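This is the structure I have questions about; it appears just below.
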């Protein structure tokens, strides 16, 4: 290839696009406000590794929104990174973390938690959620020094299969954890969608009181990258930046993370984006339900899992990208449709129209 | 603080700036071409985790520039992350990596390599470089299974103290490594500055032949974040993406990394930026030398370490930011001045003028 | 306490013993031949760390018995140590090991495998054994770099619940592993009992052909301590002693391990001891079955799991030590009875008589 | 080889021995009292994993000797195992341990400490000992989260090169540690020889007050195997058995360890054995000094490092086994001579006579 051909081909960023993707909520770049802020601040000199003005401002802003002036807040670049740093920072070598069988750390992080030395105690859960009852069983099975000692409970909100925790459920879980010497950690990769769900009665400040640590996901809700780890429990705050650096999680230009969280939270952008995503999912699920199809789980968030005939799925696959989640029987499969802050309503309408026409 | 005050303060990104910083090469954002490319491609839907079109194009482009069609290339978010993933992906549990006492992995990465289970064999080196001779001594000291087995050699170009490897030095080192069953890894956080140095006789394609693995640093040469790991040695390529995912190094929006490397390499931007940084450093060092001051090391790159009277340093500190590197004696100290792609010539001129006036 | 009181109390090793224990197969010391050999060789000077004459002779002897002159053999002090060293020596960081839910590494080793960085993929199994079918399912679920890569299969013979593998089962398993790029590892903590079972058609030489690595358990069959790791697969032999040393598994006086394996294998002691243990278990189970009781699993080895009325268990507990394994219902529980090389027949007879009398 | 030949060769434990070894202090088996105790207690049924009566008695006995009723005491099988379990049980992931360049954990444990994730900060030391001054320098170099945080100080008594700590030195070190938030750990592989040295003013009870953790070495002073870890600092005691089990350090027949420490400590055997070893070393060094030779270090323990002409070394090598430690110049080398509880005086006399004759 000659250099000039190369240049032409590379400059041509906007190629033909044949499919519309409902595969995930990170298919597009970032909300324009974020890119605009990057441009606006680009040549301002800043300290490195998260000690810049923007990160400091973002921390203050989040503390304000969380109504928790003592929260320890750190920005990292992704969810797996957040999970492995948080979990390994807390557990002693022989301690384990309890998670649902659908939990992201158990299934989809290439053994990142085990790679830091810790076992995951897996609990079967149909709706992706943990309850005092199924945690209790794990505790009863771990009785002495020949077994790991469960010390942390890992939950996701929304869960990996679209469900959410109600406030009462979270209160009971946290209370159970405190009574049993367990720490509660919430993976908030899709926290925006969960809290913005019509069925949610949880608020951001509630999380300051009902979990020991959690993270506020940016990547899947309009940021280029970035998750904000929030440590409520004082005992877990010590020297957290050492853990971040050791695991390669401190960005030299930490400003990039701080800036984005300022944009997402200085007004209500973070929740507005999630509301749009949820609305698009709701439009899809309402129609699908109206057509008489069932769902794998009940979801009020931006991931839905309709069960469709394989023939219909085949037709849809010609125009739309999505994952086939699981086989139901010889004729039906569950698919996963994910909407996002950037999902265009025309695409949803088109999907609906196509589905109705089959 | 009321919400409206908060908002005003947060929107006001451009505050008064009193100091000009020569502290590092990551004080500013990114080269405008990069931000522009982000804007231009923002709503194009892409696959996640580095399987997007931009990352694929960036890989092809880099292979072309490296003249190595078989290079395995992966983008990560920072240097510590690159180092820990590469090193832990290669070494068996009992194997170690040899590094200079100034080596970044030894001093400034919070034990990231040891945290993956591997010892660093440290070699004292005045100029920050390793030679067959000092590696040979490490090999001779490690004779049986009661000691780790050195397996990898870690070098940086430019080194952490501004020096560079000449082609002949790298050839001898690689040849020695191959004769002794060692793998050679080059940390290229500041590779652009090294290769663009007036004293360098190394080219990018040379690195395809003279090291087993290296990374091309983006963060310190105009990117928002991003380093390109290049694996030349076929034996080290297997399943590398598993390592990346496990260590939290796969960004969901990998497009962000791919896009930046396209911008840096589609024309000559990467090296042009480094040339500017080197030129600014050269201007500083030429003047400093002219004033009769000495340097801690001989540097032809963007980091210089002049030895100045403490009184002069105190005066300079009122207008400029930089690190005091080491005490020389009661009256003199070495400082580190770092220039970058974004260093403005007026600031260099101002620094020079001030220095000449003391 | 005065020194003289102390001395008296300590010298009095043979105290009153009220209970007879069927708790495990490591309640007594070692077979007298072993103690005798220790006495006989005590002042012979030997090299350290397993390079002594006795260890070398034991290795030759085992190779002879295994009919495998190329087997790589190493002695360690216990089963958990054997498991963690073998597994961590073989797997690359992102690779996992498949085990039954009853597998010792999953349940009873305090996360030792995870502490070396590796996930265990757990398979539910009623009889404690793995089959190609249930391994196949694990493989199907692990499709890309977001998940660990299963690489090793861990089985125990006899299993943790007393069952054994037949030759055909092991052949099928090994064949399946080879067809799927998996390594087969057999935990032989109770290998003697398994191979000596009346129902077993497996021989020691068979294991040279049907697994990649295994260990021959000494601790639970008459040794003071000691397991012999046998590596059949050439690819897994490299530098194994480095792994041993790093994990604290090389005894300075390795002679202690070598000597014991000479005693166990120079004639047929190893299998004779196991036959006694099995016979004692058989006597127990035959009677228990005759009394109309059922068992949790079918066992032809030295661990049996009869299901008895809680009232009977309570009575037995006044004279015998054993573990209550699991509740069956409100009235019945399964207990574990373990016999050993040292179990005295009078104790078995007494247990039987007591049981018949309730 | 036929089975009968095999048997004959294996039964013949007492072969011709041509060399007398001064290589180490673990060339022989165990003190006869220990073997006798094993025989005497062999068929007594005991609980497993260190919960047996003998281990409990040994713990009580050691607490009595240490004059520390609250000491937490655990028996393990070797020094590397003791070191890796203790260190990894205490340090958080980003914390490091400071050791002398001669320290066993740095040089001779195949990176066992790093394999648990922790960096060793190495301090150059001519006499193998650490002082507040050289530790202070390490602390000053570690200033922020880009570096590990030194948290523990590792010392050996006697050191790996035969020197010992005086009470005042240890007091100063411990005081310095306490003032600087550091934990002091003492490797007592050769503690018996150190405390029994004519030059030592330290007692066993002193160690209850002057270190946070230490271990009392058995393997190198008459035991078959076994070290007693003693935890003085309450903060370090929690759940220590979990660490032991996870690292494969809990022996099923823990009785083997407990029994040996009873024998060593119920009267004064432990120190009597060390006195003999020291006396044999003293006889050697007195003669060597008398002949006008110098030593690499000043040693009053059972390891001495005389500097001899290479020609003399060559002659001695025909009858005695020992390590050549280091080259001094073209004509002279330092050798290491180690005596033990089992060193026979006739061998020392013979060595002396031979040396005098050259």
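Labels A, B, C and D are assigned to the chains in the order they are written; within every chain, residues are numbered from 1.
Assume a residue touches a chain if its C-beta (ideal position, glycine included) is under 8 Å from a C-beta of that chain, and two chains touch if they have at least 3 such contacts.
This is a predicted model, so every value here is computed, not measured.
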If chain centres are mean C-alpha positions, then the most distant from chain A is chain D
Cα centre of chain A to Cα centre of chain C, whole Å, reads 44
Where the centres are mean C-alpha positions, what is the separation of chain C from chain D, in Å?
31
Please compute the C-alpha centroid of chain A, do the same for chain D, then give the distance between them in whole Å.
51
Name the residues of chain A that each touch 2 or more other chains.
93-94, 109-111, 115-117, 145-146, 148, 242, 245-246, 250
Chain-level touch network, classified as line, ring, star, complete or other
complete
Could you pull out which chain D residues touch chain B in their complex?
93-94, 96, 107-111, 114-120, 122, 145-148
Under the stated contact criterion, what part of chain A meets chain B in this complex?
1, 6-7, 9-11, 13-15, 17, 20-21, 23-24, 26-30, 32, 35, 37-48, 53-54, 57, 61, 64, 77-85, 109-112, 115, 219-220, 224-225, 242, 245-253, 255-256, 262, 266-267, 342
Contact residues on chain A for chain D in the complex?
49, 88-89, 92-94, 116-117, 145-146, 148-149, 239, 241-246, 250
